[in-house]
Amino acid sequence: MFGLLVAQNIAFYVIAALIVFGALRVVTCKNLVHAALWLVLVLAGVAGQYILLAAEFVAVTQVLVYLGAIVVLFLFGIMLTRAKTGHDLELDNPTPAKVGAGVIGVLLLGVMGYALWDAWRGQELGDIVVQRTAEVSDSLFSTYLLPFEVISVLLLAALIGAIVLARRD
Amino acid sequence: MLGGDPLLSGDIDLAVVLIVLLKVVVVFALLLVATMFMIWWERKIIGDLQNRIGPNTAGPFGLFQTFADGVKFFFKEDLLPDRAQRRVFILAPLLTVVPAFLLFCIVPFGGDFANGANGTVELFGHETYLQLADPPVGILFALAMSSVAVYGVMLAGWSSGSKYPLLGSVRASAQMVSYEAALGLSVCAVVLTTGTLSTHGMVVHQAGDGWGSFIPNWNLLAAGIVPFVVFLIASQAELNRPPFDLVEAEQELVGGYHTEYSSIRFALFFVAEFMNSVTMGAIIVTLFLGGPAGPAPWGPGWLWGVGWFLLKLLVFLFVFVWIRGTLPRVRYDQLMDLGWKVLIPISLGWLLVLATFHVARDQHWNGVVVALVGAAIGLTFFGLLRFAIATSKARRLEGVVD
Amino acid sequence: MLVNQFLFLGAVLFCIGVYGVLARRNAVLVLMSIELVLNAVNINLVAFGAMWHATDPANLSGQVFALFVIAVAAAEVGVGLALVLMIYRNRQSIDLDEVDLLKG
């Protein structure tokens, strides 16, 4: 089992590096479409981490919903508003604001990192058992039935709201 | 997590790795050959349908025509438009081809399913399935890959830096995203009938006899004919094939999202398109027609499985070409109306009907009452939908909303 | 594997997302940064879910909540982009600093 654990760790760190690099590019790059593409990399990496955690249904939902729908919607939004192919200099706030944001981000990371290190130091994940889709759906449609129904109403409301907002009249 | 394949359930030694690699190579080669065949097949049949001869010079019956075209594409000049976004422009064809390959991984293309066998074959002392991978979420993986394929189209159009490709790609991605919903809902009906997401599980479920022990137990009948029809139509739209090929609509868009592409990059788009046709045919066969399942009267059972699979696939490839040769291209508003106002409501309604019947069977409700109540509710909602569509159309015509 | 590996990854992603929300001016980019934040939360949920699942196989809350978050994210992006489109139609710009009609 030792070999498997090493392989999992290597996979984790490679994917994590990709995620962090992609996320940094999302928030810094100078072209809207490129930002969306880096976001695709981040989301795909997150799906990879779900597979490492044996959460196969969430992983495939991540690909279906995020990559297949949400980022495509972003690209639509970009192309319908402004689809410059070159650099765009008006994407960021002025430099002082950016510095402030960076300071806030780093401080937040420090606080969260310390809290996590303090609370979960050395805690093992244990033997990761595959969480079957059938079990997830059983849980979804019994214990969490009410939230599920609420979510469906929310989605319907969002659907109607988006149509009403976006239609030209 | 590695799937239901018995190959991966035991110790993983060198032989297992080699078998997996062998399967990868075989599937890759099979798909490439099938794609080349499909291009020839389409041109030949379209030719027949239009009273022409079609390709007939390169090789017997023009079989090597595709090969000749490929060689020609290789030696053409590779143009990179001045205003193109270099890196994305190069990336886009790859983003189209890779999902097309991955999509085929989950298709079971052989194996012995006759007489209650579960489709395993013995390969170098290891039992395995004749499919590259059998993830427990198999069919969802297929849907995910076909939604990832949107990126190739979208980025190709955007990165070309010219207006026709951009228009074509916005159209194409709107169309693909819209029909994905209908596609997913009809797959839901199949999943509800078979109770599994794994493609191998679906084939096992459909093997054996259905009603009267001579009609096959295919989902085509078990899930009702509706999901099959919806899936067939939606898959044509998802593939951007005629009559839904407004993506490339030569008369309006010069050629759609790949207008600016030439040489090998164009060839990649072209190949991916036909590869997706083959794969979509294979997925329809798996979902609705029992995949490689079929009787095996004599000889090795797995070979019969491959034979049945290829036969069923060939029927669908012919149907695809037949549809293309017969129907005129739809208009864009007709396309969207068909997707959102016909296919999605129908497949959603059918899903509810199927679910109702499953619950009724489990709870031993009176079938006639369930059918009557279901029909009444269904008709009510159908009427409401028609009413809503008619009202909005009338208002649009009056000019209240434009 | 340690739980903290995933939690730290989530924290880093969260902070990058927060930076993006604060530093960007373009509405679409702000929405993208919010997606980063939501994904960071989801990593945490699924990691904790896997941890609890290892001790209590009947407990799948982590995954179920991750699915809920994905659904809510889809709704959020739909409405958010509709708003962006509206702003663009009315003002020919999706610069968040210029949406200041309510400023006195």
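Side notes on the structure shown:
For reference, chains read A, B and C in written order, and residue numbers begin at 1 within each chain.
Here is the rule we go by: contacts are C-beta pairs under 8 Å (C-beta built on N, C-alpha and C of every residue); 3 or more make two chains touch, one makes a residue touch a chain.
Not measured: the values here are computed from a predicted model.
Path length between subunit B and subunit C in the touching-chain graph (shortest route): 2.
Taking A-C and A-B together, the chain pair joined by more C-beta contacts is A-C. We define each chain's centre as the mean of its Cα atoms; on that basis subunit B and subunit C are separated by 32 Å.
Between the CA-based centres of subunit A and subunit C the separation comes to 7 Å, rounded to the whole angstrom. In terms of their C-alpha centroids, the spacing between subunit A and subunit B amounts to 28 Å.
Not a single residue position of subunit B touches two or more of the other chains.
Chain contacts: subunit A has residues 54, 57, 61, 69, 76, 80, 168 touching two or more partner chains.
For subunit A in complex with subunit C, the touching residues are 5, 8-9, 12, 16, 19-20, 23-24, 26-27, 32, 35-36, 39, 42-43, 46, 49-50, 52-55, 57-58, 61-62, 65-66, 69-70, 73-74, 76-78, 80-82, 88, 90-93, 97-98, 100-102, 104-106, 108-109, 112-113, 116-117, 120-129, 131, 135-136, 139-140, 143-144, 147-148, 151, 154-155, 157-159, 161-163, 165-166, 168. Remark: subunit B residues 1, 83-85, 88, 135-137, 140-141, 143-144, 147-148, 150-151, 154-155, 158-159, 161, 166, 170, 173-174, 177, 180, 197, 400-402 touch subunit A in the complex. Interface residues of subunit A, counted against subunit B in their complex, comprise 33-34, 37, 40, 51, 54, 56-57, 60-61, 63-64, 67-69, 72, 75-76, 79-80, 83, 85, 130, 132-133, 167-169. On the side of subunit C, the complex with subunit A involves touching residues 1-9, 11-20, 22-26, 28-29, 31-33, 35-36, 39, 42-43, 46-47, 49-51, 53-55, 57, 60-64, 66-68, 70-79, 81-86, 88-89, 94-95, 97.
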